[in-house]
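The chains carry the letters A, B, C and D, assigned in the order they are written, with residues numbered from 1 in each.
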Amino acid sequence: MQLLSTRRGLFYTALLVFLAIAPWVFQWIDQPFYLDLLSRALILGIAAVSLNLILGYGGMVSLGHAAYIGIGAYCVGIPAYYDFYSGWLHIGLALSVSAVFALITGAICLRTKGVYFIMITMAFSQMVYYTFLSLEEYGADDGLVIYLRSEFPTWLSMDGAFSLYYWILGVLLLSLYFVHRLIHARFGRVIVGAKFNELRLQSLGVNTYRYRLTCYVISAMICSLAGVLLGNFTSFISPEMMGWTRSGELIFMVIMGGVSTVLGPLLGTISFVLLEEWLAAITVYWHLIFGVLLVVLVLYGKGGLDGLLGLMDRGKKSS
Amino acid sequence: MKRNILTAAVLAATAFGSGAANADSVKIGYVTTLTTPAAVIGEDIQNSVNLALEHIGNKMGDLDVELIMEDDGFKPDVGKQKTDKLVKQDDVDFVVGYIWSHVLLASMKSVTDADKFIISANAGPSQVAGKLCHPNFFSTSWQNDQTPMAMGEHLNQEGVKSLYVMAPNYAAGKDMVAGLESVFTGEIKGKDLTKWGADAQLDFSAELAKAKASGAEAIFVFYPGKAGGAFINQYQQAGLRGVMPLYSVFTVDAIALPKLQEANLEGVLGSKMTQEWSPDMDNAANKRFVGDYLAKHGKYPSFYGAQAYDSIMLIKSAVEAVGGNLDDKDGIRAALKAVNYDSVRGKYTVGNNHMPIQNFYLREVVIDDEGRWTTKIVSTVYENHQDRYAAECNMQ
Amino acid sequence: MSDAILDIEGLHKNFGGVVATENVNLSVERGEIHAIIGPNGAGKTTLIAQLSGQLRPNSGSIRFEGRDITTLSMASRARAGLARSFQITSVILPMTLLENVMLAVQGTSGHSFGFWSPVREDGKMTDAAMESLTRVGLDNRADQLAGSVSHGEQRQLEVAITLAMNPRLLLLDEPMAGMGKEETGHMVEILKALKGDKSILLVEHDMDAVFNMADRLSVLVNGHIIATDTVENIRNNAEVQRAYLGDEHA
Amino acid sequence: MDWNLLITQLMNGLQLGLLLFLLASGLTLIFGIMDFINLSHGSFYMVGAYFCGTIVAKTGSFVLGILFGLVGVFIVGALVEWFIARKLYRSDHLDHVLVTFGLILIFDTLVHMIWGASGMAIPLPDVLNGQVSIGTLVLPTYRLLIIAAGLGVAAFLYVLVTRTRLGMLIRAGASNRTMVEALGVNINRLFLIVFAIGASMAGLAGMLIAPITEASIGMGNDIIIIAFVVVIVGGIGSVKGAFYAGLIIGLIDTLSRSYLDDVLALSIPIEYAETAAPAISAMMVYILMAVVLAFRPQGLFPPAGAR
């Protein structure tokens, strides 16, 4: 709409165009590893978009979202372990298992508020973590190696770095668009309204609990898709991918990019993955830089990277 | 015949690969642990690799060595990610290292799919020795089961009738226990697999109490790295020293001993373990390695370091065997298999699965001439021992 | 009695040992403006909270249009046609005025499980919301953020939101709180214009405003209703004078 | 049934429970009074262990190590409060989570840079390295010391909270913050003191455990989550709650680690039971918290007057 009228819009347009042609660019400059990095960033991007739906728009701070990445990934790994490679099966399983799990745990979590919500979502994700940790059959601590990718009809195949990348990009764009529509539809207005003033929404005749629960389930299902893709991408899954620190990192990515903005979380994950890669290459003490960044970001940098882009536009107007 | 097919497939893969290997240098990617408490092992390895490079003047034949170290963060998925980077971005010729079995299992496919060589300088999970064996996989260490098997053999010889067993709950921990159980003829009175990883369980109070109550004659443990020190500490505090003798593998090593000495935990003196190497081994390569390491760092190198040092020497022998032509994958493979270098553990060969066939010794914790706590070889338990998964590997 | 839209009988609420409302009986006639007055801490806000469903009474019953709503949730009462405004302004500041009012329209027009069509493009809803804004004179500010308009305008918005729910009964909790003289006058006009069309139960401190627009008054002291009568009679009621008005009007 | 084993395990559970209490008591006060979520509370636990270890290495005295360690952690805690936490009391919980997550990274890396990756063993005096025999029961002396220290601190906190003016303010603050402000108390100083005392408690826990497990990077990151569970189960702001919940969770964890594999082996193959038992016993703690939150969201022993 106003994609080209502001610098921020221009930046995002350029970013999306770049994402569309990235595999060819990386092939041209002979850096296939960058495609790996970008694929990983976009997968995390899907997870961040889903987290942003509940955290950014809905004000539900979940410290257990990584569990759904794990559930999605194991919905690829466990069938593959028994030689069931159908991609539709994997996706169907991931969506339904995550939906059921989110419905049950969400129904309990959403009875609580604030810090209790943070802690109880974390508790449930730790339960999932320890459950997979105890499943000797599926590798327990050691994880599972997935030898073949999910199978789809030829024109949809995931085999090969390029086709997997476009799968990821496709799912990402679909979820971005879906969240964008959702937020401006009747459902989204209720979710956003309830974030700021739940009592007000109830006084308007809205049973906020039901809507929030639905939102939580939708978010979990999108996140499980990120898990399915991650399982296919790394061809290795382990309980490690759903520990609580991973959930913390996801929050970090969303905040870094710009909470409750459409494209902010994507910007956050891409920056996070690139920073992680570059800083780790410079020094083993890279966590220090990350930590300082995080503290400074919260204390002084409201609005994240997306907010910085916005500042650029304000600067333009005032000049 | 089978090998020819394999070779053909590998050749085809090479033909389509980028073949971008820089002719002026040999690139080695090293995956180890540099953060988390396990970084203490990574440091020892790093020191040893650097020492090896110093000893060879950073040259293999006419080629310079370019070393890229990566940190796996003690996590399989991170290790795999770093391996991908080494293979795809840095386009290394050899990927070496891997302390942890689960990290190796997660990472191996990335290397072999790209038709590069992967050399484990420590981890030796059973799968890799058996069904998952690969023409491009080599090891300068052992298969996980072997060292505890040697310990089981020693326990039989010593006439120990019953044991309590403790190990961390991951691939290597399970292999270690399986290896011991396959040889030990006495009774295993109890077994605990404890949580492992970046947030490993380090307080063993409940387990030690169980061990004591089990009435077993002795205790066998596998706790690598930092956990080893913690275990010995609590073993002594629980008063098990005189009651249940300690037999261990990969637990009491050059990393744990200085700290145990500092804390004056004399309980560990005289405790026995099995290993394929010891700092007191009497050969020229080992004397140079241990001597220079001691001079430089003021402490003994660990077996992790010895195996890491060997991995560099092994690669050097292979690079020189093909005259620096790194595109000659068959030549390199044959040279790696020939094991034609001076290992710090003395002469050894490899089996069809590319796992070393080597001696295993019984070691004891002693005090050296300068008052440092270290280990000394007591006897040879196994001569030219081959792991028990070689038959499951379909390579010739 | 026959024409009462709201009937409250024996409403009792206590928090531990503290009694907030005790045996409150009250009825609101259809189309009237009924004001509740009383000193601070008399239990007015607790009473509103019980009527709107935010608090559950310990005993007693509330009937709305003849139907017992004592145990209904806040959301269900709102859908039944009973709308409340808040004492402390609680419009959603980061949303525009129009968006605020549209939420109200949305809340009382069926469920909100619409995942796809943008609300802004729903003409029926925008029209309804604009109509409410117009009634309180805020139509020219529809696209401003609620956080950027004056306090008085936020209070007007609060009324517009309650109106947009298309209720039969409005529960207004101090709609004039914190307003200047001019703004108060404006609000009185807005509420007077609703008389006859909507029934209004109003809690208010500003006596002049109350006397100006209310049909009947109830006086709440220490959780008790001590009198309910027309404005004229209350003015002359000695007990009320003593218990309450005396303080201010003496 | 082996009664000696059971008693030993109960003592082990008690020891773990008291360590958790030391961590959780500070956490729950900071949480209850300042409404501040401090994920990096575990860093004080780690820093305490390293301070103590360094001083023991220099002086050879464990007692001096503890004393100076306590002072050191108190100062670190005060600095964190002064420069960081203070700015965040008015922001939402999300900001707390993020900033303190960042602090964890900073503390871990600083410790890595200062003390290296290898961790630090803390030698104990010989008296503490032995065992105490009671009949046929033999218990490690040092673990008894931890229990005694834990109970001692609990008693100290009890007196502090119930008998002193500071304690009165703390109690009032946990249930009603505005009231304390209305009393004209210097809120900033109260917060600073509570924060630093809480940090010292966590540091003490780290100093007590380090001679057993060694001081190491990130040692607080796992246990802090359990400490949070203790806080939630006990009731936010309640020191008493932290005490009981710490004991309950310490006992659950230890007893399930000791007996769960045998129990599970009754129904599933032993080799699966051996893997599943440690994971399930770790999970028990979270199940307990979820159940408590679902049925009694204010915790088992909420501070008096709190909603």
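The rule is simple: a residue touches a chain if its C-beta (ideal position, glycine included) is under 8 Å from a C-beta of that chain, and two chains touch if they have at least 3 such contacts.
Values in this document were obtained by computation on a predicted structure and should not be read as measured data.
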Q.
Ignoring chain A and leaving every other chain in place, which groups of chains are still linked through touching?
A. B, D | C
Q | Furthest chain, CA centroid comparison against chain D | A | C
Q | Central chain (distance from its CA mean to the mean of all protein CA atoms) | A | A
Q: Report, in whole Å, the distance between the mean C-alpha point of chain B and the mean C-alpha point of chain C.
A: 76
Q: State, to the nearest whole Å, the distance from the C-alpha centre of chain C to the C-alpha centre of chain D.
A: 50
Q: Measure off the straight-line distance from the CA centroid of chain A to the CA centroid of chain D, and report it in whole Å.
A: 32
**Q.** Distance between the centres, which are taken as Cα means, of chain D and chain B, whole angstrom
**A.** 36
Q: Please set out, as single numbers or ranges, the residues of chain A touching at least two other chains.
A: 133, 140, 284, 287
Q: For chain C, jot down the residues that touch at least 2 other chains.
A: none
(Q) Give the residues of chain B touching no fewer than two other chains, as numbers and ranges. (A) 34-35, 39, 169, 195
Q.
If I apply the definition of touch given earlier, which pairs of chains qualify?
A. A-B, A-C, A-D, B-D
Q: Using the touch definition up top, name the residues of chain C that touch chain A in the complex.
A: 52, 54, 73-79, 83-84, 86, 90-95, 99, 102-104, 106-108, 112-120, 161, 165
Q. How about chain A: which of its residues touch chain B in the complex?
A. 30-34, 36, 40, 133, 140-143, 145, 147, 234-238, 240-241, 277, 280, 284, 287
Q. Of all residues in chain A, which touch chain C in the complex?
A. 181-182, 184-187, 189-190, 192-193, 196-197, 199-208, 211, 214
Q: Would you mind writing out the residues of chain D in touch with chain B in their complex?
A: 2, 4-5, 8-9, 12, 15-16, 57, 112, 116-124, 129-131, 138, 140-143, 209, 211-214, 216-219, 221-222, 254, 257-258, 261, 274-275, 278-279, 282
(Q) Applying the document's contact rule, which stretches of chain D touch chain A when the two form their complex? (A) 31, 37, 39, 84, 87-88, 91, 93-95, 97-99, 101-106, 108-110, 112-113, 221, 225, 228-229, 232, 236, 271-272, 275-280, 282-283, 286-287, 289-290, 293-294, 297
